[in-house]
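You will see subunit A twice below: alongside subunit B first, and alongside subunit C after that.
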Partner chain A sequence: MNSANRTRAFIAVGLLPALLLFVTFVILPILWSAYYGFYDWKGIGKATYIGFDNYAEVIQDPVFWKSLQNNMLIVAASVFGQVPIALVLALLLMKGSRLHTFIRSAVFMPMVLSSVVVGIIWGYIYHPEIGVLNFVLDSIGLGSWKQQWLSDPDVSMYSIMVPIIWNYIGPYLIMFIAALNNIGSDMDDAAKIDGAEGSRKLFSVTLPLIWDTIKVAVVLCISGSLKAFDLIYVMTGGGPAHSTELLASYMYNNTFSIYRYGYGSAVSTTIIIVSLLLVAGSQYLMKRGDRL
Partner chain B sequence: MMLRRTKSGIVNGLMIIYALITLYPLIWLFISSLKSNEEFYSRPFQLPTKWHWDSFSRAWKISDMGTSMLNSIIVTALSLVLTLAIGALAAYVLSRFQFRFKLLVMGLFLLGMLIPIHSTLVPLFIMMNQTHLLNTYGALILPYVAFELPIAIFIIQAYMNTFPKEIEEAAFIDGIGYWGIFLRMMLPLSTPALSTVAILAVLRFWNDFSFALVFISKPALKTLPLSLSMFATGYMTDYQLTMAALAMAVVPTIIVYLIFQRSIMQGMIAGAVKG
Partner chain C sequence: MMKKKATVFLTLALAASLALTGCGSKDNETKTEGGKNKVTLTLWHNYSGDDQRAKTMRSIIEQFQSSHPDIKLDVQAIPPDGYRTRLKTVAAANEMPDLFVMWPGVMTKEFQAGNLIQPINELLDSKKEWKDGFLPGSFDGFTVGSDIYSAPIALSPTSILFYNQSILEQNGLQVPKTWDELLHAVDVLKGNKMTPIALGNKAAWLAQSSIFSSLADRVTGTEWFLKAAAQDGAKFTDPEFVKALGYMKQLGDAGAFPAGFNAMDNTQMEQYFAQGKAAMMIDGGWALTNLATSASAEAMAQMGASVLPSMPDGKGDPNTISGVVGTGIAMSNKVTAEEKDAAYELMYAMAGPDAQKRVLESNQLVSYKVDLDTSKVTPIFAKVYELVNTVNRTPVYDGVLGSAAADEVNNGLQELLMGGKPESIAKKIQEAQARAVQTDSK
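Take a look at the complex of A and B:
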């Protein structure tokens, strides 16, 4: 075997395992779900081709739109909750003192916990009879503010947002701290000479300089919002009355609770389309932001 | 000067309160696991009057945590080894060789990072059902590795790209083949990138819930998050036991976090930004 052939063989052998696994378990499922989406299929027995009926049903189902809306609410909670909180904390925690490092670690900690654990803990905090939250409200005389935090459809989605925000502040905090430290002290000195201090310095010097990092954080919020399934599943399962349904839980409930594999596949394909649109949309926003 | 010091004192005070609120759910978890069921809701903020250390051993036994912890360890370890081996090999090829379909292959992996894993649950379930892969370790390990590969390859490849070409030329003259270069030079030199990948992967595998929920129904094969969620549903009203089970499940992760804090933070951010 000559050396060119040997190189070619090595390239093939080196890429084969990765490509094989990746194509089989990531790419192929997407193609399959696009295919099954055109069938009415209960998982056993014969699958009947029904054209675009599943997709038409998805689009006409108010629960689907409710789920999509909830996904967007989570995006909003992340963009307007996590990002500003992380930014404020970063401005206060820039210096690497022992206390600051401790607080950073505390804020980041939920990131490494299983969302099942997080979900169960918060489920207990919100519990209407035995939960800490209602207990606190009672003991500080705000008993009238007590809620059925997770079982009242008007409240539950907002209750869900708190643990989601709590859980994911950490990475944004660390990103912002890194960006702030990158600005360096030169810029600080320059700002001081120009007489910019306090809030003026914040808005005219600091924020514009880390604007790119903020944009990255917003994009991450958008793509991250599709991952909230575990927490929702553990805390509410999408209920009550679909009030906390997300696209992923909508897909799960339609497939594995009532065995509509064809319909579930159509929803899966829709989720991919929605998420690609979101990614494309956020990329577009970033680009447009650059020109301004 | 005085004013500035008071100001930073107030800010620090507020920060400490914020940190405590952030940590409170965890602190509460550990304290509650030592309380009786009655104390759990009648005195949620106080320390237990009687410390129920026995709840841990009871929860361990009743939830059969030994089994699920072992399953989690097996699945995480095997997936990690496969991810590192397969990912590093592919990264080496992509970093060091020019070939016709290189851009296509890289584009394919890039596409993989944009796909939300939940959208593959239904088709994967159907595929695994037909190939009798459901309720095996493989049902978790294979998709874990497949979904972790893109980010692993990109992190390792970016790192390998920084090595100078000369190191391999010297090795070639010594008559070491590609495999020798990969195993004896590229792998050891890439240790920092490999450990970043390993940290990200271990956390993701250890904490995964969705795949386990859909692909595993046999009690003997349940991983920790899955068995915890089942246990919490079944023993919802036995707070002491549930809290003890959660606390035990959380301790290993917290210890790992405390040891590798720095690299975990950096790794997760690198992973998030690239992914």
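Take a look at the complex of A and C:
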């Protein structure tokens, strides 16, 4: 009893520093920003309480809905792009041969680059004048496929998905490889004895065993995509004419370009609510998948 | 057991060290030495870059320091990108430096309303010749009531029509003087597979600041715009403004701009023009420093500068360029009567006739009458200088509108050039400005 208490006390003390930092730098700012959302405030000067006016404006602003829609596209591209690609790569690259290690590092590489660098690189690839992509299309005789990749609102969101997927496959790949390596060799033996091989083994043994990791990856993917900002900021700034606006860039522009701090705070609170709903929803869906 | 205690201790030590590094980086306070008569002034400026103007300003400050041993300067050079934010932060905390670089217009009004700055009429009136040397309207943005709060050290015309003489000649064209001539030139150049007008509108303000501010002024007249901005007897949904948007759309529809102009930035557009890939470019005075570094001497000799063409049935004066007066030095309200003389001396050193001349010779336009020694600047700078001194100045949209409405104009013009409807864009601009005016008057 005594020793159990002591362990608990130790755990509490051990958690305390991280908890304190988390509360100070994450929880408190969220509450503060929700509070500022009730004010009409320019950053300096007087703040006037205006109740739910900011929130009402958020819901009525077509640009907000456009950003939400774009953000959902990014979430979908990430969940159905990053996670499956990372999973397939992980299954293929599980073994530690030299070639596999090399490809793994190559896939992880973009993650090490600063996203500003990634944004600039892809900005140049898509560039209307000096872009590599249009140049390559021209030189292999596919000139008719040339596009204004970043400034044509019909294609720009899809152009942006590519670097986003490319950039963030790395960490999921590493997570999946770690999970796959955690499956004990006894499982392999058992599967072999039961005659499970190939896709049968994949769907009945391997995937169920790493299902928890996949769930974590999906949650990280959703929350990461809702925070997406840096690549968009560098590549298009949310433009032209809001056509690539995301929730985070919409919030940033309102707060720091137009100096509507109160309204920007209301937007960020709304983003948190949307994220929580999405994460909860995805958890619920995957739980049902569990039971089946 | 001992081991556990040691781990706990280590964890706490780690946490403590993390917390301490956060607050350990405060600068040591510098103490003023010297006798009681020595005056100390703090000065904040954004001349921290490597461009000629910044170097000139820094050397003026250094020279002032060495020739005035009785005045101690505590100077902070802050990178331009973060300057406004830092100034606004200290303004909120009422910890302004004694002297600082300030923008005309909105910032001056805000600081004046917050009782943070004091007027310099006394200094200006004591040096009549200096005051009269400024170009007309130089003090407008720094004036509240009858009080003047600063004197500008720069001028930014925002809409100069730059052209490449040899390209125009090769296509049998002349510098367009009217709207129809411009559309004709666009047609001919398009037909000859040459980009008519370079544009890089990724940051969205460029089309507004450089093209639309002048174009709309020629259509609506300045008076109408100022009324609409004040929401006093005119609205952005009025037919003349919708017409101005229509002309802008016409220019886009005619294919005047390079493909993908919404994905190019201002610098790329200036290089595009400097490399002779476009016949014309509509850009501000800031292009001059970039052209000075990126264009070859031959290319530069071919460049000319003009005003935008006149508009059919326009109510505005076509012989104008939209522009804003640049920053000046302002004085904090906390400067005491004893310090004032020293502060005035420094202000005069930084914005007086000599300083204006030196800034101008650094390829930066000023809002002051100076005889330019053309051998010291690039040929295109000399041409722009001559042009700016012979035309009148009209307001720039984002210099007058509230930031929310200016943002609507920026995004609206992008939308317009992608095929948007003038009427619906005008409506959005009107709504944003009406709301801004309403909250300001509360």
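What we mean here is this: the second predicted complex is superposed on the first by the 232 of 292 C-alpha atoms of A that agree within 3 Å, B and C clash if a C-alpha of one lies under 4 Å from a C-alpha of the other, contacts with A are read in each partner's own complex, and residues count from 1 in each chain.
The definition used in the following text is that a residue touches a chain if its C-beta (ideal position, glycine included) is under 8 Å from a C-beta of that chain, and two chains touch if they have at least 3 such contacts.
From a predicted model like this one, the values you see are computed outputs, not experimental measurements.
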*Applying the touch criterion given at the start, work out whether A:L277 contacts subunit B, subunit C, both or neither, answering first, second, both or neither.*
neither
*asked:* One more residue to check, A:G14. First (subunit B), second (subunit C), both or neither?
replied: both
*Classify the contacts of A:T236 with the two partner chains as first (subunit B alone), second (subunit C alone), both, or neither.*
second
*Quick one: classify A:L142 as touching subunit B (first), subunit C (second), both or neither.*
neither
*Looking at subunit A, which partner touches more of its residues: subunit C or subunit B?*
B
*Between subunit B (first) and subunit C (second), which, if any, makes contact with A:P128: first, second, both or neither?*
second
_If we overlay the two complexes on their shared chain A, which of subunit B and subunit C does A:A56 touch? Say first, second, both or neither._
neither
*Taking the contacts subunit A makes with subunit B in one complex and with subunit C in the other, which residues are shared?*
6, 10, 14, 17, 21, 43, 123, 129
*In their shared complex, at which residues does subunit A touch subunit B?*
6-8, 10-11, 14-15, 17-19, 21-30, 32-33, 36, 43, 89, 92-93, 99-100, 102-125, 129-132, 135, 166, 170-171, 174-175, 178, 216, 220, 223-224, 226-227, 229-230, 233-234, 247-248, 251-252, 255-256, 261, 264-265, 267-269, 271-272, 275-276, 279
*In their shared complex, at which residues does subunit B touch subunit A?*
11-12, 15-16, 18-19, 22-23, 25-26, 28-29, 32, 40-41, 44-45, 86-87, 89-90, 92-94, 97, 99, 105, 108-109, 111-112, 114-127, 129, 142-143, 145-147, 149-150, 153, 177-179, 182, 203, 206-207, 209-210, 213-214, 224-226, 228-229, 232, 239, 242-243, 246, 249-250, 253-254, 256-257, 261, 264-266, 268-269, 272-273
*Going by the contact rule at the top, pick out the subunit A residues touching subunit C in the complex.*
6, 10, 13-14, 16-17, 20-21, 40, 43-45, 48, 123, 126-129, 148-151, 153, 236-237, 239-242, 253, 257-260
*In their complex, what parts of subunit C are in touch with subunit A?*
4, 7-8, 11-12, 14-15, 18, 88, 91-92, 110, 114, 201-204, 258-264, 268, 272, 403-404, 407, 411-412, 414-415, 417-418, 420, 439, 442
